[in-house]
Structure formats: structure tokens, C-alpha cells
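What follows is a pair of complexes built around chain A, which joins chain B in one and chain C in the other.
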Partner chain A sequence: MKHRLGFAGKKLIRIALLLLGVSFVTFLLMSASPLDPLQTNVGQVALGSMSQEQVEALLAYWGVDTPPLTRYAGWLGDVLKGDFGTSLLYRRPVLEVVGERLSSSLILLLSAWILSGILGLFLGVVAGAFRGRLPDRLIRGYCVVISSTPAFWLAILLLLIFSVWLGWFPIGMSVPVGMESSAVTVFDRLYHAVLPALTLSITGVANIALHTREKMADVMESDYVLFARARGEDARGIVLRHGLRNVMLPAITLQFASISEIIGGSVLVEQVFSYPGLGQAAVTAGLGSDLPLLLGITVITAAIVFGGNLVADLLYGAVDPRIRRGAAKS
Partner chain B sequence: MEPILKIRNLSISFKQYEKGTKQRKIQTIRNLSLEILPGQVAAVVGESGSGKSLLAHGILGILPYNSQMKGEILYDGRTLDKKRAEELRGREIALIPQGVSWLDPLMKVGPQLFKGKKDAQTKTRYREALARYGLGPETEELYPFELSGGMARRVLIASAVAEKPRLVIADEPTPGLDERTAVRILGHFRELADEGAAVLLITHDLRLALTIADQVTVFYNGETIEKASPEDFQDIRRLKAPFTKALWTAMPEHDFKAAEIEGPGDVGGDA
Partner chain C sequence: MRKQINQRQKAKILAAVVTVVLAAVTVCGILFTEAAMETDFLSRNQAPSAVHIFGTDWMGRDMLFRTLAGLSLSIRIGLLTAAISGAAALLIGIGAAVLGRKADASISWCIDLVMGIPHILLVMLISIACGRGFTGVVAGVALTHWPSLARVIRGEVLQLRQAPYILVAEKLGVSKMRISAVHMFPHLLPQFLTGTILLFPHAILHEASVTFLGFGLSSEQPAIGVILSESMQYLTTGKWWLALFPGLSLVLVVLLFAMLGERVRKLLDPASVHE
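Coming up: the complex of A and B.
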């Protein structure tokens, strides 16, 4: 029990430090950004036609006249009280905007995450089991090509082929254009999420497959697989019984670590597909100097990624008998 | 009686890359010949790291892909090629490996022994084998990391015995065990031989091998340098190779005697 409390305490301190660091760095980067919020959001022409008082009111609205550290301290103080502030561009509470965007990204992120995890594991296991032979060479070739392909380029390519030429999928957005929101079905949403999710999975697979392959190859060269062969177990049984089992633990780590890559990739992919999700909101906030929104998005996604790693840690304990039974004994 | 295993001029080598593309051929076993009759324990003794295990893997047909085997292996009078080895291993020919690392760390002992079979007959066979070595059914529920060194060896022996093999290959079955446990484990091999199986004992420990072996093959640097019976080891003058003599003198109980034997020999030369 004491051990568990210590574990929870350590994790809490860690996430607090992480979020503090992430928000501070985001803030610093935004302060150092050469973008003038007034020029970007109001425009040179409109600014020229405004009176001095109007311009000053806008400067105050965008916080340009407040020293950066004071702004950060003010933001931090409010966040600790549970108030993430109001988005300057959307003029709505940050949490509301993030919640809305996150829920529309969720289908996309989840399906890409699950698809890349399952496919990556499968390809990695096959490549590892056939190391050096044709299936391995094909899978490795695919992974190397894909990991050196930028996600946004792949997104454009898929868009070109499947939406423009073949016309199988919509060219963008998360729901059909011009349809009342009450008339939109789950099917419509899924249909619109296919291509962006596919892009994210295709790129996400490479990393997972290559890591799984490495581990699988180690397992296949282990003493216990050699002994299984010496005991007359066939290749298929060895892969399914010993290979999968021993590749499961690193696969869990990889799967949860890939959350960060999926979220990171979604920023670019949502942009290409004009998909109104969290990633696109992050880009809008960044380019539009919407500091409260950007900080909100960064802090919340960082917390999600941290949560993923935490789940992986906990699952490890549940899956690995050496940890599970070892902890029960001590 | 026909030998169950007959090895003639067996050589095993493997290729290794060094510094990029330069290939090096490493010869681990050269011209090894060996015969084992049913009921016999044949010990192959060599220094640690000399590739003795490859002999076991060669017989079982599970050598790594970069290795090459030449020579002839006859099992029960017929050539033991890869295909036949695949059919026989785990049934008539059983391997008893070094230790617990040869068990899947994430699988309970029971399911691991049963090799994925779930029928009552298989289970009973393995339970009887475990019971023979003093391991109750609760052992099946343990993970390998929960076994002590001695228990792990007994589980591994039981894994072979349950299949009622005609040839048992024990590869370094004693390191890491205390004297008493090691002697007891070797006793189990003697017992298997006395029940009619042929036992090939691969070890670096000449002294322990002598306690149960019917014949001893010593190899050094891949070459067979001595073939002797345990009786020959009673007297150093019956040993031919310097390495065997050195091994013999290294045994604690011979330290003193060895010096005595060499003494008179020198005197005799002078006279």
C-alpha cells in the first residue's frame, strides 16, 4: 500500500512539473513570435482607419501592452483556480472550445490510434518472425519509406487520389457541407474521418512495426524459443504462444507512447483535410496569437499524453507476472 | 546391442562477419565421433564457451542459420537429417537445457510443458513426470522466475521424461547448483539411463561427469583429444592428452596424488 501511495505521489509531482514546463515553454515561444496579433487578426487596412483609442483598446484586448511575465503569472493563477480563460479568437471559454474540438477529433484520433496499433503489431510480428526473408524485407521497406514521408504530403496524395480522382471520399470537413447539424449521422462523421484517419495510421504504423519487429526478432532468437523448437513445437505455435506473449509488453508501451505522435500528426493532417478538430484549432490559435487557447490546447494534450504513459505503466504491472506477483509478495 | 546414436566425423562451423564484409569461419567442432548404446551415459567434456552446445543443437536440427554441419549422424540405425530430427525432437529425442532462461518468462510452467495441448492424457503424463521429481501440481501455476535453480532443473528434466525419450541430451545441466543438488540432478540422468534411455551429457565439469558416465569424450579447441572410460581416470598414466591430464590434476582430490606420480617418473628418467 505504501508502495502504491509513493507511486501515485511521484506521478503527481511529475505531471505538475511537466505541465508547468510545457505551458511556460509554449508561452515563451509565443512571446518570441514575430507575429503582431493586431496586424494578423485585424489587418493593416482596418487598423489604419481606426482611431487611437480603438487601437489601444485592441492592444489591451490582445495583451500586447502587458509585460509577458505578468501575463503568464496571471494565466497560471487563473488556471490553478480552474479557469483556463477565454479564447481571444472564438470569444468563448477555452475549455468549451477545446472540449468541442476534442470531441470532433476523437473519432479521428481513436480510429487512427487503434488501427495503427493493431496493424503495426501485426506487421512487426510477421517481419520479426520472418527476419531476413521476403515478408520482412517488404514490410521493412514499407516502414522505411513511410517514416521518411511527411504526413501532410501523404495526406495531399491520398486526397488527390481518393477524393479528387476517384471521388470515393469527401475532400474535407468533418460533416457534409450545407447539411443541418441535426441531420448529420454517425455514418457521415465516420465517412469524413476515413481519409484523415488513414493518413495518420499509415504513418503511425511504421514506427510501431519497426520497433515490434526488433523485439520479435530478439524473442525468436531467445533460448526459450530454441527450447520450444527442441521440444517439437511448430513455427506457428511458437509465434502465437511465445512470440506474441513476449512482444505484448513492449507493444503496450509503444501503443501508448504513440498517442503523442497521433496527436502531433493530427495537427498537420487536419489542416490538409480542413477537419475542424483540435489540431486545426491549435494551428489557428498559434497563427492568430490566441494565447489562452493555445496554452489550453498544449496543456490538455500534454496531460492526455502523460495519461497514456501512465496507463501503460499500470498495464505493465497487470500484464507482467514478474511485476504483478513480485509486488504481491513484497 | 545397436547404438541408438552414432556420430561419425561430425564438424560444425559457423560464419561470422567481422569489420563489415569480411567473413570469418569459426570451427567449433571438428571430426567428432561418438556412439551411445541404450542404457549408457556418454559424457562430452569441454571447456566453457567451446561450442559444446552446438553439438546438441546439431543433433536436434536446430542450429542457427549461419552454421554448417558436416559428417554423419545416425539415429537408431538411420540417417538423422533435418526433417527426421524435426519429427523426433520433443518425442524420442529430448533436450534438457541449462537453466531457467530456457523457459518462456511470461508463461506458467504448466501450459508451457503441455506445449499448447489441453487433453487430459498429456496433462497426466506431465503431472506424473513432475511428481517423479518431487514437484506437486502447484508447480504448474508458477512462473519461471518463481522457481529456484534446483526446481527449474527438475522441471526441465520432467519436461523431457514425460515424453519417454529414447535419447536424452543434457546440455550443461549443473552450473549454478550447489554440490549436493548437482549430484542429485546427475543421479536423475543415471536413473534415466538405467531405465533404458541413452543419455548424452554435455558438460565442462569432468569430475561430476565421471560420477555417472560410462564413457567420456574430452574435446579441446574443437578436436576430440581423449576417449576414455571412467576407470581410465583412476590413474593418470592411462590418460593420453596433456589437456585431460591437466583437467585431471585440477580435480581437488587428485592435487596431491598428481604430484606424486610425476615425481617418480622424473627420477626414473634420470637413472
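Coming up: the complex of A and C.
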């Protein structure tokens, strides 16, 4: 137990350092940008008609006049006190914007994550168990095609079929247009999240299914499965008892490692469905040079990704006794 | 015995065909760039027909030509970025394994850093730093795709370093640079080549995605991302062909690259050479 705590502690320090690196790199990239935030947000014409004082006030507001390192130091100091600054576009605290956006993205991310995990594991096990036969070929073909398909095009396709053509689902947004926020029900929110979540799940399946298939195929050729067969166990028992348990582990790790990809996919999918989530906020912040907001979003998503990896590492030890003992020895 | 040879030959033929098709698309795209810009306001918003197989857009431009030009641009950007990323991965991977513990630790840290930020977000950030446009996309995609391949190569080099012939070379006083170049590089070549070819699909998809979001190529350029983001405005009015065909062609091109990578892997990987 002590070893596990020490292990987690070391990992946490590493994560903190990585987050520091992420924030610094993001800051550096944003301040290296030749794009002038005043030009993009105020516009050339409006800028020309303004007085010198107004322009200077704007420069100060967008923070263009202070050197980047001073700004970074200031930002870091505030973050350590729990203040991520104020979004320049939304004119509200970054944490508030991120919190609001994240909570509406969370339905998408969670449902897609769980659905793609279970479905991917299932398809992978089936494909591995039927290796070389029809189910395997179908599943593998599906995975290869899906992993070659851009998420945003798939989103457009689903939008075309289910919203425009069949009219089953709304075109976009997370709530009906022109409705008071108090009148929006949970059902409305879910209803609007179906298509984006479906898109994310469909794309998320490929990776985990392909990896699970490889593992499963290895397991099916192993000596203990041969022995189980010789003992007269039926195929279902072999797959469930000997196969599933052994492929669970890598599948769990993969699924936690895929968080980054699902968040990345949500950026594109939310844009297509104009779903007001975290990804859409990131795009808006990026296009409008809203440094504090983009910085906040990047750091918080990176924290989620690293957190996922940490959970995977800890779970691995908890599920597989060999790793636990190996860690204790070293 | 005969069957084994056939399998190899089949893979070779398939790889050759795929290469030819991709090259043809690239060349056609370059040749049709002019035609893709041509506007014809008499035939606007036409559904697919015999004259315009992919239909026409709101300015009467032929979607087939636009798609081809876009694919060609995508393939060229993909080649460029995959080459840069692959070379970076090779150097960094070998560096991590050969230059000692401290270099290894800091490179691993960098890899973790790059992998921690969702890919598309990082491409966006780098593209912003380079002022968007062509440079932005190329820098963004090239600088984000090396980590996974670098990890593979690092692992390979670490194993290789314990190989007797490398140890002997070290004892003979051959310099580290020379060992990496003369003794290690030929061993890494298969991994490196397949890894680099398999970077293409990712590179192309990310280029299209970032352009679609508005951080990449500018809207005058005939890129697939631009075409698809324009098509978004016409979806609700039922102009499905604007989105369907360009996207489908992109998927096909990416699939072809993935297939090419698979074939090359099969040809070069010692484990499956005799399958």
C-alpha cells in the first residue's frame, strides 16, 4: 500500500510539472502569434476611426503592451491563488465560462466515452474470437474505414441524414432556440446531445476495438485456451472466462488514454452541431485571440487527460496483481 | 512455397497500384487548379449530373475539380508534414536512447507534454503562433505528430544497444554518431518507413480538420476543409452533394494511404515477411 501511495505521489508531482509546461508552451505560442487581437476583434475600419487614447485602452485590455514573460508570471501567480483571469471575449471569469461549457460538454464526453469503450471492447472480443472469419472481417473493415474518416465529416453526414433529411433530430445547439432557460427540460438537453454523442461514439470505437482484437487473437492461440478446449469447455465459456479477463486490462488503459482523443473530437463535432460546449469555446477563443480563456481551456483539458492517465496507471496495479508485486519489489 | 511468393507479389502489386492512384490524384489536382477556380453563374447550385458529376456550388464552380484540387493540396501537405515529423521522430528517438539518461528523461517529458494536450488543440495553438495560413497548418501538423513514432524508435534503439555487434563496435572505439548512422539506422529503417507512411492519414485528417475550424488554409484556397466548412451553410437547404462527395473522396485517399502503410509494413516486417 505504501508503495502505491509513493507511486501516486511521484506521478502527481510529474503531472504538476507537466501542467506547468503545458501552460508555458501555450502562453509562448499565443504570444508568438503575429495575429493582432485588435485587428481581429475590433476591425481595421473601427480601429482607424478611434482616438489614440481609445486604442491605447484597448491595447491595455488585450494585454498587448506588456511583455509576455511579465504577463505569464502574473498569470501564474493568480492561478496559484485559484484565479484563472477573465475571458476577454465573454467578459466573465475564465473558470465560470469553462465550468459552464464543461458541464454541457460532459454529457457528450461521458456518454461517448462509456459507449465507445463498451462497444469497442465487445467488437474487439468478437473479432478476435472469430479471427479471419466473416465477423472479424466486417468489424475490422468498419474500424479501418472509421479511423480514416474525419470526425467532422461524419458529423455533417449524420446531420444531413437525421436532421435535414429525416428530421428526427434538431439541427444544432444544446437547447431549443428561443426558449427561456427555465423552460428547458433535461429531456431537451439529452435530445440535442444525441447526434453529437453518437458521432463521438462511432469514431471512438475503432482504436480500442482493433487493439482488443489483437490481444484477443493472441489469447485464443495461447496454451491455456488450448487446454481449456481440450477439457471440453465451450467457446462461450472460453471467451468469457479466459479471453475477456485478459483483454480487459489493456482495454482499460487504452480507454483512459483515449480521453485526449475524445476531447479533440468533441472540438470538431461541437463546431458542426453548434453545440455550446468546451470545444466550441476553444475554437471561439482561438479565432478571437482570447488568451486567458484558451489558456484556461488548454490547462484544464490537459489536467483531465493527465488525470485519466493517472487513474489508468493506478487501476492497472489494482486489477493486475503481477504489476502490484513488481512495483513492490523494485 | 509458391503461395508465399504470390502473397508477397500481391502486396507489391497492390502497393504499386495505390502509389500510382495517389500520384495521379495529386497531378490531376495540380492540373485542374485553374479549372477549380472557374466560375459559371449560369449553372449554380446544380445537383450531380453527367456534365458535373459532383455537382456545382453557389458560384457555379465544378465540385469535381475543386475536390481534386483540394485532395492534391492535402496530399502535398501530408507528404511535407509526414516527412518533417518522421525525420524529427527518428532524430529525437535515437537521441533519447543514445545521449544518456538526462536527455532521455527530458525527451520523455516533452513527449508526455505533447501527448497531454488534445492533438487538435495543439495544432490550433501552433497554427495561431505561425499566423494561420499554409505555414500555420504545416508547422502545426508537422510539430505534433512525432511523439508516438519517436517512442517506438526509442524503444527499438534501447533494445538494439544491447546487441552484441553494437557493444563490440563501442569497445572498438567507434563514435556514437557513427554507430547510430552506420549500425543502427539500417535496422530502424523498416520501422521508420512504415511509421512515416502511417503518419500520412493522421496528418491529412488533421490538416482538413484544422482548416475546417478556420485555423488553417485561407478560404481562397481549394482545400477540402474549406469546401466542407462552406458546405455547412447550404446543408439545411438540401445541397447534400457539396458535403458528401468531397468528404467521401478524402476518406478514400486516407484509406489508400493506410492500405499502403499496411502493405509496406507486411513487406518489411520480418515477422510477417513469410506469411
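Keep this in mind: the second predicted complex is superposed on the first by the 317 of 330 C-alpha atoms of A that agree within 3 Å, B and C clash if a C-alpha of one lies under 4 Å from a C-alpha of the other, contacts with A are read in each partner's own complex, and residues count from 1 in each chain.
Criterion: a residue touches a chain if its C-beta (ideal position, glycine included) is under 8 Å from a C-beta of that chain, and two chains touch if they have at least 3 such contacts.
Since the model is a prediction, treat every value here as computed from it, not as a measurement.
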Have a look at where A:Val22 lands relative to chain B and chain C in the superposition and call it first, second, both or neither.
second
First (chain B), second (chain C), both or neither: which does A:Ala151 touch?
second
What's your read, chain B or chain C touching more residues of chain A?
C
Touching partner for A:Tyr316 - first (chain B), second (chain C), both, neither
neither
Give one of first, second, both or neither to describe whether A:Ala282 is in contact with chain B, with chain C, with both, or with none.
second
What is the contact status of A:Ala32 with respect to chain B (first) and chain C (second): first, second, both, or neither?
second
Between chain B and chain C, whom does A:Val267 touch in the aligned arrangement: first, second, both, or neither?
second
Determine where on chain A the residues touched by chain B overlap those touched by chain C, and list them.
none
Which stretch or stretches of chain A touch chain B in the complex?
132, 223-224, 226-233, 237, 241-242, 245-246, 248-249, 320-322, 325-326
Interfacial residue positions of chain A with respect to chain C in the complex:
14, 17-18, 21-22, 25-26, 28-30, 32-35, 144-145, 147-153, 156-157, 159-160, 164-165, 171, 260-261, 263-265, 267-268, 271-272, 282-283, 286-287, 289, 294, 297-298, 301-302, 305-306
Which residues of chain B touch chain A in their complex?
57, 60, 62, 65, 86, 89-91, 94-95, 97, 101-108, 115-116, 143, 145-146, 159
Would you pull the chain C residues touching chain A in the complex into a rising list?
109, 112-113, 115-121, 124-126, 128-132, 201, 205, 208-209, 212-215, 228, 231-232, 235-236, 238, 240, 243-244, 247, 250-251, 254-255, 258
